[in-house]
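Just so it is clear, A, B, C and D label the chains in written order, and each chain counts residues from 1 on its own.
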Amino acid sequence: MMEKRKQPPGDLAIWIFICAELSVFAAFFAAYAFTRAKHLELFNRYQQTLNTDYALINTLALITSSYFVVRAVAAIREGSQRSCARWLLAAIAMGALFLVVKSMEYQHHFSHGVTLSTNTFYMFYISLTFFHFMHVIMGMVILAAVALKAHAGGYTAERHAGVETGASYWHMVDLVWIILFPLVYVMR
Amino acid sequence: MSETFTKSMARNIFYGGSVFFFLLFLALTFASHQDFPSRDNHEALTETVAKGKRIWETHDCIGCHTLLGEGAYFAPELGNVYERFGNSTEAIKAFIKSRPVDGVPGRRSMPQFNLSDEELEQVAQFLKYASGIKTANNWPPNIKG
Amino acid sequence: MKYKSQSVAKLYFVAAIALFVGQILFGLVMGLQYVIGDFLFPEIPFNAARMVHTNLLIVWLLFGFMGSAYYLVPEESERELVAPWLAKLMFWIFLIAGAATVAGYLLVPYAKLAELTMDDLLPTMGREFLEQPTVTKLGIVVVALSFLFSIGMTILKGRKTVVTLVLLIGLTGLAVFFLFAFYNPENLVLDKYYWWWVVHLWVEGVWELILGAILAFILIKTTGVDREVIEKWLYVIIAMTLITGLIGTGHHYYWIGTPDFWQWWGSIFSAMEPIPFFMMTIFAFNMVNRRRRNHPNKAAVLWALGTAVMAFLGAGVWGFLHTLAPVNYYTHGTQITAAHGHMAFYGAYVMIVLAMISYAMPMMRGRKAANSPSSQVVEMWSFWLMTVSMVFITLFLTGAGILQTYLQRYSDQPLDFMTVQDKISLFYWLREIAGVIFLIGLVLYVVSFFVGTDDPEAVEKIEVDAETA
Amino acid sequence: MPLTPRTEQGKAFIRPCTIIYLLLMSLTLLTWALGRFNAQIGLPAMTLSMSVLGIAILKGHLIGDFFMGLRRVRGPWRWVVTLWLLLPASLITIAFMQAGQ
């Protein structure tokens, strides 16, 4: 039986932050669903202008990057700093892929004159995805900072709370997208 | 594994979070600016209106009234007063002009500002311009303001 | 008092209390004008009384913040203040400019004041809370910069603590966002949009950092709890404040010609704004419960705990009450806003300044740590009188606001503004009575400085731990 | 606490997290396929929506348990992600049921 601990991995401070972020996203998701119920036809019509293939690539990219982060944590637990940094770098690359694909999607919509004020569906679509988009950037910055420190030998097999903290934040970014993807792109 | 809740992480979250949400605020401000031209009634923003805004400001009208719901709550909302007065700047001017110098016994009363005809026209035009601003859901809820 | 230069705070605190009395007197005048419309008309019209009421509030709170900074920064930095003469000079400049401005509001018509101060050169007057003549605003900038200089240099040259760092960030933000007071475009929507960058980003942003820093300082001093613990929580709380409060500005962007998306962003983020206040309440009580000493200044601890509770009620609960866009659609610009404004300002900012005064004043008047018990009893009476009457002011205004919202906005036959005002005048009378009790509390507060000055000071009660005894 | 990459004999194992990862990828493809080809599959909209929502909750739970490592935590933090998933998911379900009527 594994020894269980009282606290989730990483610094407790990041978990307070994660809880706050998750509450905001939960509120946004619920707002989306209830507003959709009031404007069913509008939401169903404009949902079809979204590209599910792009969203698929992005979901796969985020899950893969999350997996890489898990490997990075495993690596540092085994004391391998360089391998930890490499896994983190790979995770950041997958994050970058997400940003590129998402930007292509935005480019498509914006070139058709879509803005936050076009209609309620696009208001939610842009708000939710852009808010998440910024979280991806933020997460990449955090991972980069952790990777640099790992590369410089700042963590050990015993002391690596920083890696777990960054990892927890990144998984949160993934987690949000896991709900966002079916809700905005698929459910109708 | 011992408890970790470090001051340095709390600090990082403070700095990181503040910068993050300030940037987001700037992004939403940018998006707002894209929308202003379609709602802010700038077509009606003539020199007369601009002067009217100065009259509005230099008589501290906001110290009693609300304008689009902001200000003091002592006197009626003026964001839609142009409509409430039957889409008439003349009615607004007549009202301002006719305020008794010594007030109304026991009642609230607007001061007599002794505005010239030109100034009256300017402030009335300003209020007409304000009523043309497209507020969300056509706020206020009804003509009473 | 460890450092001589801390004593400049005394000037600031005395002025703050004097202006506070003035603010309340004018509040009572306005309260009476709500029910007896021609009271003091046309000598002091409502808008003039309101300018005095709100501007005195802002100015005395600024005096309070500055005094608090001058008191706590030397102690935290473990060195004398840089240029205490500058602090004294700026005090007099600020006081004279403030007094002249208020005199201007009362003695000449506002339009005349605008003309005399050449407002046309750079028009900034006539917007709510920013009514000061442009030259006064420039004076505020000069005072703020000098203040930042002496505080900042002291902090940088001395020991750097989280308390002083957060305070410095808050004060810098205060100065920076005030600059938007000089932006007054002709376009009303833009004007309103950036007006909030002063007002909201002050009271729901950087001021909360100042509040947090002062509260943390008082708790460190009075509870003896490990600084590390308090500083950690300070960071978490102010992080939550800015995370929710920055986008929370959106709750002012619902109905002023700004795009519809703000209704969602504003509602969601400002619904989270009570969280940091709730954390602050938990934090303050937690620290006091874990105290390592019983500070003899019971009054100061009471004020500090009061701040945490009343800020949560006033800013958190009463803010949440009308912050969601569908609710705010009906309540925007009614007495509900007034109710929230009163309790939030009292709970968050008035009380923290009084807490700091309560903590620091005894030392500056030559005591070791606290006033005599008899003085503290009077002060605690004033605490309860002011706080309870403020709760009632808020409740009566809330009652007035609910009726107003219903009669004027929601019912099938909406009534005229003035008709509604007449119907709800009972609530205004009750509010005025509560206001008089508040004034009595305030008078008692002033009296407490002169009670028992010759008595020996209160001493720390040593708790005997049952287990070790 | 290594994620058991090798046994004592040095024989390579597939890490549990890798299995979870592959599972997450497949579930994602399933969600996508349900959305993309429902015209051919012909599920009623409500069934489709609830299925992909259910899949999402499962995915989120796996991420919380295995990636975030919550399955090795006891006390309230153990359930933070799962509870979070259930909260919006139940609200979304209510909203979709409202809309479906």
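Everything below uses one rule, namely that a residue touches a chain if its C-beta (ideal position, glycine included) is under 8 Å from a C-beta of that chain, and two chains touch if they have at least 3 such contacts.
What you are looking at is a predicted structure, and each value in this text was computed from that prediction instead of being measured.
S.K.: Please state whether A-C or B-C has more C-beta contact pairs across its interface.
M.R.: Spelling it out, more C-beta pairs touch across B-C than across the other pair.
S.K.: Taking the mean of the CA coordinates per chain, how far is chain A from chain C in Å?
M.R.: Here chain A and chain C have centroids separated by 39 Å.
S.K.: How many Å are there between the centre of chain C and the centre of chain D, using C-alpha atoms for each centre?
M.R.: Their C-alpha centroids are separated by 48 Å.
S.K.: Between chain B and chain C, what is the separation of their C-alpha centroids in Å?
M.R.: Each chain's C-alpha centroid was found; their separation is 24 Å.
S.K.: What are the residue numbers in chain B that touch two or more other chains?
M.R.: 5-6, 10, 13, 17, 24, 31, 35 - these are the residues of chain B that touch more than one other chain.
S.K.: Would you mind listing the residues of chain A that make contact with two or more other chains?
M.R.: 5-7, 13, 16-17, 116-117
S.K.: What positions in chain C touch 2 or more of the other chains?
M.R.: 232, 235-236, 239, 243, 259-261, 265
S.K.: What chain pairs are in touch here?
M.R.: So the chains that touch one another pair up as A-B, A-C, A-D, B-C.
S.K.: Name, in rising order, each residue of chain B that touches chain A in their complex.
M.R.: Touch list, chain B to chain A: 1, 3-6, 9-10, 12-13, 16-17, 20, 23-24, 27, 31, 34-35, 38.
S.K.: Can you list the residues on chain C that touch chain B in the complex?
M.R.: Interface residues on the chain C side: 30, 33-34, 36-38, 41-42, 45-48, 50-51, 110-111, 114-115, 119-120, 123, 125-128, 131, 162, 184, 186-190, 192-193, 228, 231-233, 235-236, 238-239, 242-243, 246-247, 249-250, 253-263, 265, 329-330, 332-335, 337-338, 408-410, 414-418, 421.
S.K.: Touching residues of chain C toward chain A in the complex: what are they?
M.R.: 232, 235-236, 239-240, 243-244, 259-261, 264-265, 267-269, 271-272, 275
S.K.: Would you tell me which residues of chain A are touching chain B in their complex?
M.R.: Those in contact with chain B are residues 5-7, 10-14, 16-17, 115-117, 130-131, 134, 138, 142, 161, 165.
S.K.: Where on chain D is chain A touching in the complex?
M.R.: My answer: residues 1-3, 5, 15, 17-18, 21, 24-25, 28-29, 31-32, 34-36, 45, 48-49, 52-53, 55-56, 59-60, 63-64, 66-70, 72-75, 77, 80-81, 84-85, 87-89, 91-92, 94-96, 98-99.
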